[in-house]
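Shared chain: subunit A. Partners: subunit B in the first complex, subunit C in the second.
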Partner chain A sequence: MGQLLINGLGTGLIVALPSIALSLSFGILKFPNFAIGAMLTTAAYIAWSLNIHAGLPLLAAGALCIILFPMVALLCDAAVFRPLRSRGPVTLLVASMGLSFVLDNVCRLIFGNDARNFDIALSRPYRVWGLRINYELLVSAGVSIGAMILVFLILKHTSIGRAMRAVADNPNLAAARGIDAKRVIAATWILAGVLIAASGVLIGMDRAIDPQLGWNYIIVCFAAAILGGLGNPAGAVFGALLLGVVGELATLVVATNYRSGVGFLVIALVLLSRPNGLFGTREIVK
Partner chain B sequence: MIAYLTTIMTLVSIAVLIAFALNVQWGMCGMVNFGLAGFVALGAYTTALISLNGGGFFVSVFAAIIVCAVMGAIVSLISMRLSEDYLAVVTLGFGEIIRLVTLNEGWLTGGALGLPGIPRPMIDVIGTDHYEVFFLGICVVIVGIVFAGLEIATRGPFGRSLRAVRDDDLVASSLGKNVLLLRVKAFAVGGGITGIAGSLQAFQFSYIDPSQFTAIMTAYAFMAVIAGGQGSHRGLILGACSVMFLLEATRFLKDVVDVLDNSQIAAIRLILIGAGLILLLIFRPQGLLREYRLKAPKSSPSSADSTAT
Partner chain C sequence: MPGVVTVSDLRTGYGGDDIINGVSFDVHPGEILTIVGPNGSGKSTLIKSLAGIVPARQGTISLFGENVTALKTPQRIAKGLAYVPQEFNVFRNMTIAENLKLSTEFLGLRSHDGNQERTRVLEMFPDIADRQDLLAGNLSGGQRQMLAFACALISSPEVLLLDEPSAGLSPKLVIEIFEKVKAVNELGTTIVMVEQNVAASLPFSDRAIVLVNGAIRHESSAAELSARGDLHELFLKEA
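The block that comes next holds the complex of A and B.
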């Protein structure tokens, strides 16, 4: 039980990062980015080739990936989303699905279907009060908590962070106050890129890297973001942790194969009972 | 070569049906369905299970239509209180659940091995020699019926109300249209059509397993609808054929560039689909053919003159 709780929190912390990215980009760009899974896969492969082919230690490879990946995100925005910006969320979300096919299969084309691993030494898990705690778990918990603190500091205390929140709140009003939407959008992709890259590396450490890597996380990321109320990054963190724990505890009741189904069930229940997420305020529905 | 063409045409017919379904849901009513492959799988497994247990062709197809239509209505109801974004996530999740169930519930679906030996309709009457051509005939007739039905529905009040909901649900509801009911209906109709597609898929291969119903099926339908023009059934047939042509052409890539293996060819196909989807959205959002519109009466030159004076 305690072990499941720890595993669940570990998974939740990893999932929290892309969920924040999803929530943040939904708040500002106003469309759900279905390419988030493929972006995770791409980031993991970038880090992997830096680690294996360029021979960098994992820490350096991960750091370089976190610097490089936001550029990939900006490139995707310039190539796919910018030309479609004025065309409504449904068009954008279909385009994001298209992008996800492209990214996933570019990875498959280059790296093949085989599962890859980072070059890290296996370490014996620590034992605390009879619970096993992996070294990787500690690293990923540290990284993701650090990243979260950084994101919330940026959002709260920098001018670009305030601008981002303003645009998320009311784009017209923000534009009227002279906030440069282009800059805010670029900042959003950079921030999302950093979060996705970090999480891609952590997922790669947690399990093997293959072209399906990101696909396995799309539904749980959306579930976490919806649970916290789309557009609310702090809620996404809570949603991710809750889902991580629920997903682990659910294995007591249902077969492990259905773990990703639990995310879907949670979405369905939340949408039926609290359409704006657990912390969402009621909007006036037309 | 004839056999190859017959098979391809049959597959195109099935793909056209799936695209019709998406066209009702997305093209006409503005609701994204990322779980199309799941719906098709549901239809295929329903058909397979019923016909393996002695049900006839019509019974099993009809059952697939009903099951998929009801499931479509339920799935759309879950997220109907919200915007289209949530529906996209819910349908994606639905597709995943169907995949998990077909993979893991071996007692019912045969798991990863699938269900073999689905009896093909009237095979003992037609014989195996010309059966493929006969089956293509069935597919084409069904596509024709669905096409005719959709064309009539599109031009009637139902289609017009759906487009009104798509373009502005607020206006539609203030004009007294029951937006929720229309959306659920559109999703159920689309679901029913995917059920037919699933049935045909099961009969075509006489063997189904979870790997037949992948995201590529969904992507293909999106591509056909975008290429053909959202809301236009005729354009969609054109779109589906040209997309299939493009994809089949990549098969011959292997003969030209022999460094590529099969999984790389498959990857290239999917890259083409994804990139094609994005490019079409950017450069030709209206598609090949426009959707049906009532023509506004042209103002005659004389009346224009009279207003000018």
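The block that comes next holds the complex of A and C.
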């Protein structure tokens, strides 16, 4: 039971980062970014290339990936989303699906279909009160928690963070306060890029990297963001942790194949009683 | 008299329809100009267009003689305009302090010292000064309106655009709000406001425009409009 809890929290912490990115993009850019899975895959491959081909240690490769990937995110915005910004959320959602296929296939074209692994030394798990805790799990937890704290400090205590919250709340009023939406959109992509890159590296440490990597996480990222209340980054973290833990604990009573199903059952039950998610607020449309 | 704001042959609207159909008027320095009219006459669309939120389809909007028609809202704000929307005019998930701080952070050279500016406007609005950690979403309608004013005034704008400042307020608060508008005006800020509450707003106004079906039907001093006995006909008769 304790082991399942630890594993569930570990999974939840890794998923929390792209879920925050998804929640931010939904709140500020006003569309659900379906390309988030393919972006995770791309970030993992960038880190893998830096680690294996450039010969950088994983820590340096991961850090460089976190610096470089926001530029990829900005490029995606400039090429795909910016020209379609005024067309509304459905158009942007469809465009993000298209981007997803493009990124996936670029990865497939460059890196092939074979599974790849980081150059990472195998280590014996630590034993604490009879529980096995992997080195990778500790790194994942540390990076995820650090990144989450950083995001919340940025949102709460910096002017660009306040501007991001303002645009998410009321774009017209934000403009009337002199806030330049372009600057906020760029900051959102940079922050989302950092989170996606960090998560891509952590997922690559946890499992093999292949062109399908992102597809395994996209549904759970959406589920976490929706469960927490779309547009609410703290809610996305809670949703990711809850789904991770429920998924693992479910294996006590159902076959492991069905653990995702149990997570979605939880979502269905939550949304039936709280249609805007656990921490979502009802949108007032005038 | 040259206008601080000059609107010439303005045409604007949403989707395929024009709401404002070729409106022209001047806003004189230091005055309170009130735009009144029945529901659906295009008052809010007009003021949103002045603020740059609804783009002009035809005609020009000039601020201090400079054509600002193509400028977006933040650029117009940087040129000395401020705008208070009718509803949702504060960031509900932020505290009073955060709302005020946000109002000084993106104004570039117009705000040299945010703290000094915040102190200045809070002196004008003591109701909100001593509860700065409160979420704006938890304020009463009147307090929210005061906070919205304070946020708009923090940049010391030359021209303040108000979209129905009395909307949803009790009669006592309506008078308080208009007294505050007058006090702000007496400090030198030119004010353009859109109002549904004609009887309450005209005594605090210098000039008035009656807008019906997106066109100006009447323009005069506020006192002259108040004195007319045919306001009802003016509002409702077909063009």
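Following the convention adopted for this analysis, the second predicted complex is superposed on the first by the 272 of 286 C-alpha atoms of A that agree within 3 Å, B and C clash if a C-alpha of one lies under 4 Å from a C-alpha of the other, contacts with A are read in each partner's own complex, and residues count from 1 in each chain.
Assume a residue touches a chain if its C-beta (ideal position, glycine included) is under 8 Å from a C-beta of that chain, and two chains touch if they have at least 3 such contacts.
A quick note: this is a predicted structure, and the numbers were derived from the prediction, not measured.
In the superposition on chain A, A:268 makes contact with subunit B only, not with subunit C. Of the two partner chains, subunit B is the only one that A:112 touches; subunit C does not reach it. Counting the residues of subunit A that each partner touches, subunit B and subunit C differ, and the larger count belongs to B. Once chain A of one complex is fitted onto chain A of the other, the partner contacts of A:86 are absent, as it touches neither subunit B nor subunit C. With both structures placed on the common chain, the touch criterion links A:257 to subunit B but leaves subunit C unconnected.
By the touch criterion stated above, A:99 is placed in contact with subunit B alone, subunit C being left untouched. Shared contact residues of subunit A with subunit B and subunit C: 286. For subunit A in complex with subunit C, the residues that touch the partner chain are 159, 162-163, 165-166, 169-170, 172-173, 175-181, 284, 286. Considering their complex, residues 26, 30, 32, 34, 78-79, 81-86, 88-90, 92-94, 96-97, 100, 103-104, 169-170, 173, 215, 219, 222, 226, 263-264, 266-268, 270-271, 273-278, 281-282, 285 of subunit B touch subunit A. Here subunit C touches subunit A in the complex through residues 51-53, 72-74, 77-78, 82-85, 87-94, 98, 101-103, 105-108, 151-152, 155, going by the rule given at the top.
Against subunit B, the residues of subunit A that register as touching in their complex are 26, 31-32, 34, 79-80, 83-84, 87, 89-91, 93-95, 97-102, 104-106, 108-109, 112-113, 218-219, 222-223, 226, 230, 255, 257-258, 260-261, 263-264, 267-268, 271-272, 275, 285-286.
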